[in-house]
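Handing you this structure, nothing more for now.
Order of writing sets the labels: A, B, C and D. Residues in every chain begin at 1.
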Amino acid sequence: SDETARYALLLGDDCLILAQRLGHWISRAPELEEDIALGNIALDLLGHARFFLTYAGSAWGKTEDDLAYFRSEEEFRSCRLVEQENGDFGRTIARQLLFSFYTHELYQRLVRSADTTLAAIADKALKEVDYHQDHAAQWLLRLGGGTDESKRRMQEGLESVWPYLEELFADVEPTPTLAEQEVAVLPSSLRDAVLTRLSSIIEESGLEVPASKGAFGADRSGRFSENRGFILAEMQVLARQHPGATW
Amino acid sequence: SDETARYALLLGDDCLILAQRLGHWISRAPELEEDIALGNIALDLLGHARFFLTYAGSAWGKTEDDLAYFRSEEEFRSCRLVEQENGDFGRTIARQLLFSFYTHELYQRLVRSADTTLAAIADKALKEVDYHQDHAAQWLLRLGGGTDESKRRMQEGLESVWPYLEELFADVEPTPTLAEQEVAVLPSSLRDAVLTRLSSIIEESGLEVPASKGAFGADRSGRFSENRGFILAEMQVLARQHPGATW
Amino acid sequence: RVGWEQFQQLIEEDQRVEPRDWMPQNYRKTLVRQISQHAHSEIIGMQPEGNWISRAPSLKRKSVLMAKVQDEAGHGLYLYSAAETLGTSRDEMYQQLYTGKAKYSSIFNYPARTWADVGAVGWLVDGAAITNQVPLCRASFGPYGRAMVRVCKEESFHQRQGWEILYTLSHGTEAQKQMAQDAVDRFYGPALQMFGPPDDESPNSQQSMAWNIKRFSNDVLRQRFVDMIVPQAEALGLTLPDPDLKWNEERGHYDYGDLDWDEFFSVVKGNGPLNHQRLAHYRAARDDGAWVREAAAAYAAKQAEASPRSALLSA
Amino acid sequence: RVGWEQFQQLIEEDQRVEPRDWMPQNYRKTLVRQISQHAHSEIIGMQPEGNWISRAPSLKRKSVLMAKVQDEAGHGLYLYSAAETLGTSRDEMYQQLYTGKAKYSSIFNYPARTWADVGAVGWLVDGAAITNQVPLCRASFGPYGRAMVRVCKEESFHQRQGWEILYTLSHGTEAQKQMAQDAVDRFYGPALQMFGPPDDESPNSQQSMAWNIKRFSNDVLRQRFVDMIVPQAEALGLTLPDPDLKWNEERGHYDYGDLDWDEFFSVVKGNGPLNHQRLAHYRAARDDGAWVREAAAAYAAKQAEASPRSALLSA
């Protein structure tokens, strides 16, 4: 249905934008192993995005590329968390931590969706998100327990992305309707579990759970962010210079 | 003539791209006074670009905006020096030093151009470039004679832009033809004067004149650089989303 | 005692207090807080519009925008200088902003998301700022009043530029018109909130008015602003997003609807869309520039202690 | 003496030399230099293509490109590991690259300026690399040969992907076709130069061949590559930019024109289009990551010296 497609789009946009952000790390990571690890995660996320966008597009006769390259800033539904700049490695890890803990919880429930395609995508993604979670958590522990410098930077990373955590739990349309039909997972229903698990790992790392209650404007509209336009300008530039071309 | 227009375009592209690069510093400079100073220089350069592009466009029935926003990467004629990333303040100052010393020498001769419009633009620009030169030279002396850190960074800044100095002296078309008609200044004729003055101020600063003989591909084609595409993607994105619109 | 009487007399006669004059500690403190807050707002205020310099859709607009953002840096300078005459150094004020101890105008925690926002910031945000600032040109503290005269001249220029951007958009393509309307929809409420909370919730205003720093209450200024922008919005052909907005013949003013003060206080407390980003941007610039400032200081020190010969060389 | 004879015998019988075997100092030195140079080339080689990850024109291409650049990091890892078995640490090799002491393949000092360049790098640069590397799978030093087996498998996959990109472009719009042709025009010469200088100017090759590291001379490999790409170019419908290129019935090979060796040596000496940029990018990544590596080391040290309890917790 159109609503299911809009839901898939929302899920896909998150993965696509985060893959786009992470891809920048390849050749710039602190260690060769991390070029590979971050590249792997970016690839996984891009894979999830492609499943979701392809599924969304099937309702509208559009391809994944139509949706990725020819929608405007206003039409994307990505959350602000994934749109945040990479910053230093600590901030990137903080962003990964929040997003992977959230998607892990989400996909764990989405595998029981009444929509079998969404369930299948979630099932496939879940195995990979397992690794993403672990990667972020291990780095959180290392940086939180490493040097004074790493502790400071990791804490600052958490502070910078934490305001955008709440948006992940906002029950924006069409999710509530679809949740009633047991197609979607109601975002607000994930909140307690995700926050509990995040708090626990952050405390284990010796860092502090940020106090921020969430930045105003948690509606995935992009109206309250300055990042999306820059991301799309770069991502879409070539495709838009050659409309209709095959690559 | 078409040739004069192509010459004006080349001169204008350098100013436009450098203004674009410098504009990024506003709100990011080391000191409030430098937000203002770099902003001033960017504004001056943008002004020069607009004169040159308007003049170029007059030969082809195009506006400055047609030329700035609707030419492709292949059609720009900017030199690689101005396309270099800002890097830290030291690299930006190094880029400013080379470009302002070059344009100062250039405009000093261009004021005697047989083309009265080019002569008038050069005359107006020259006064401003005087200040740009002085700004860059003062910072070179300060950073070269400041701390060990500033000395290291300023030297690295010079090393990073120096390979792109030679391109400024390349006699690319249509310049040689126009130089014979005394419309253009032959780039190679500026070389000795610019190098002598640059070497002298660098030596005064206690830094070393870089050894680089110039990066391969000094033809202003953009074929030998990876920067131009990123610059234009951002600069042109909005204008291209609304072709034909007035702003 | 003598100082107090002289001060009191200056205030009563509505004359200027100058830096060398005696003044009450609280007067000084209030001014430093207000002026530095204003300076910080100019500095942080560079960011929302600054993020459009690279993407401005015409070279003329790019040029005007660059000049405007640069003016804001200039306003920051005037204002820091005015505050310095009260005995607080610029570095100290920077430090307060850096650590998040000092406030700046909450409106700058909102994004300039589209090009039309650049217009809306000019028209509404600068418009509200001027409404606030024109009376400050007569503020009792001399350096502040004089700084505000310079600021106001430029601000009214900025407001007109913002209005022109919106006018062009609202008379352009459908997409442009929509962009303009969206921007006005987003900025109208926050701009009205720039005057601060309603008078009955603004305890400090009384003292500021008694000292001739503030001349009009928050609500009076807000009303003045509303009365100014309604006809301007009509001229733009854009709608202000307030169903309660209508002319009140009796009052001789426009009535306007309730504002979302929960949102306002939430943004002030740090939960605006971009609070962290704005401060992080500022901090990154300070941190990245530290080596440059150190080098400049070291160089100046070396020059100062060097022989006349090198002083000549550098002259 | 015994070691030398054993080594000599292994070479004569074309068997593998393993890290624990005795080997001549020069053999070791030659291998460390060659293997680390190859590793560095993979690392620097991530940059030209990496700069297109964010702009790849379809999600499928973006995915393939990301995987490819990531493979290059993987190849770097294998190769550094192989070199480490010869007693040189990874950090030492990093340091040589960082300081500019170590070389990497000169081709990566050229830009990937358009999307078609990503295709040309895959087809021509990876193609030349494979031609070079297939014989290296039989290199006398065991770890190197085995690393090359893994590398070659993936490289041939990359070459096919590059060819496919160009095929799609050359069968697309006029603009795409032009983009493809331009890329081939730019990369043809530098790709042929990847085999190194002509045999009569390549003094070290003899010793490497005697040691069964290198199996064929530069010119032999270059000829093999030319013979391979000519029909592939025809299948693409693109022209190789060499007017002297034609089939020589007598030799049973394609003749090809002189290459611009001045350009080659100039790029090797540091005057390629992007030498400084490539190294600066690498250095910035190392510098920016230093605090992370330090933190990881500090954390590991703390874990190691901690009680079994915390070892349990982190398990």
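Just so we're on the same page, a contact is a pair of C-beta atoms (placed from the backbone, for glycine too) under 8 Å apart; a residue touches a chain by one contact, two chains touch by 3 or more.
As the structure is a prediction and not an experimental result, all values here were calculated from the model.
Trainee: Going by the touch criterion at the top, tell me which pair is linked by more C-beta contacts: A-C or A-D.
Mentor: Answer to which pair has more contacts is A-D.
Trainee: Of the other chains, whose C-alpha centre is the longest way from the centre of subunit D?
Mentor: So the chain farthest away from subunit D turns out to be C.
Trainee: Please report how many Å separate the Cα centroid of subunit B from that of subunit C, as a whole number.
Mentor: 34
Trainee: Where the CA atoms of subunit C average out and where those of subunit D average out, how many Å apart are those spots?
Mentor: 56
Trainee: Would you pick out the residues of subunit C that each touch at least 2 other chains?
Mentor: 55
Trainee: Of all the residues in subunit B, which ones touch at least 2 other chains?
Mentor: 229, 233-234, 237
Trainee: If each chain is a dot and touching chains are joined, what shape do you get: line, ring, star, complete or other?
Mentor: Shape of the chain contacts: other, as it matches none of the listed patterns.
Trainee: Got a list of which chains touch which?
Mentor: A-B, A-C, A-D, B-C, B-D
Trainee: Flag every residue of subunit A that touches subunit B in the complex, lowest number first.
Mentor: Per the stated touch rule, the residues are 72, 229-230, 233-234, 237, 240-241.
Trainee: Within their complex, state which residues of subunit D touch subunit B.
Mentor: 48, 51, 55, 110-114, 182, 186, 263, 266-267, 270-277, 280
Trainee: Which residues, counting only subunit B, touch subunit D once they are in their complex?
Mentor: Counting only subunit B, the residues touching subunit D are 159-160, 163, 212-217, 222-226, 229, 233.
Trainee: Given the complex with subunit C, which residues does subunit B contribute to the contact?
Mentor: Of all residues in subunit B, those touching subunit C are 16, 20, 23-24, 26-36, 39-40, 42-43, 46-47, 49-50, 53, 64-65, 68-69, 88-90, 141-143, 145-147, 149-150, 153, 204, 234-235, 237-239, 242, 244-247.
Trainee: What residues on subunit D touch subunit A, complex-wise?
Mentor: Touch list, subunit D to subunit A: 43, 46-47, 50, 53-63, 66-67, 69-70, 73-74, 76-77, 80, 115, 165, 168-169, 172-173, 175-176, 281, 284-285, 288-299, 302, 313-314.
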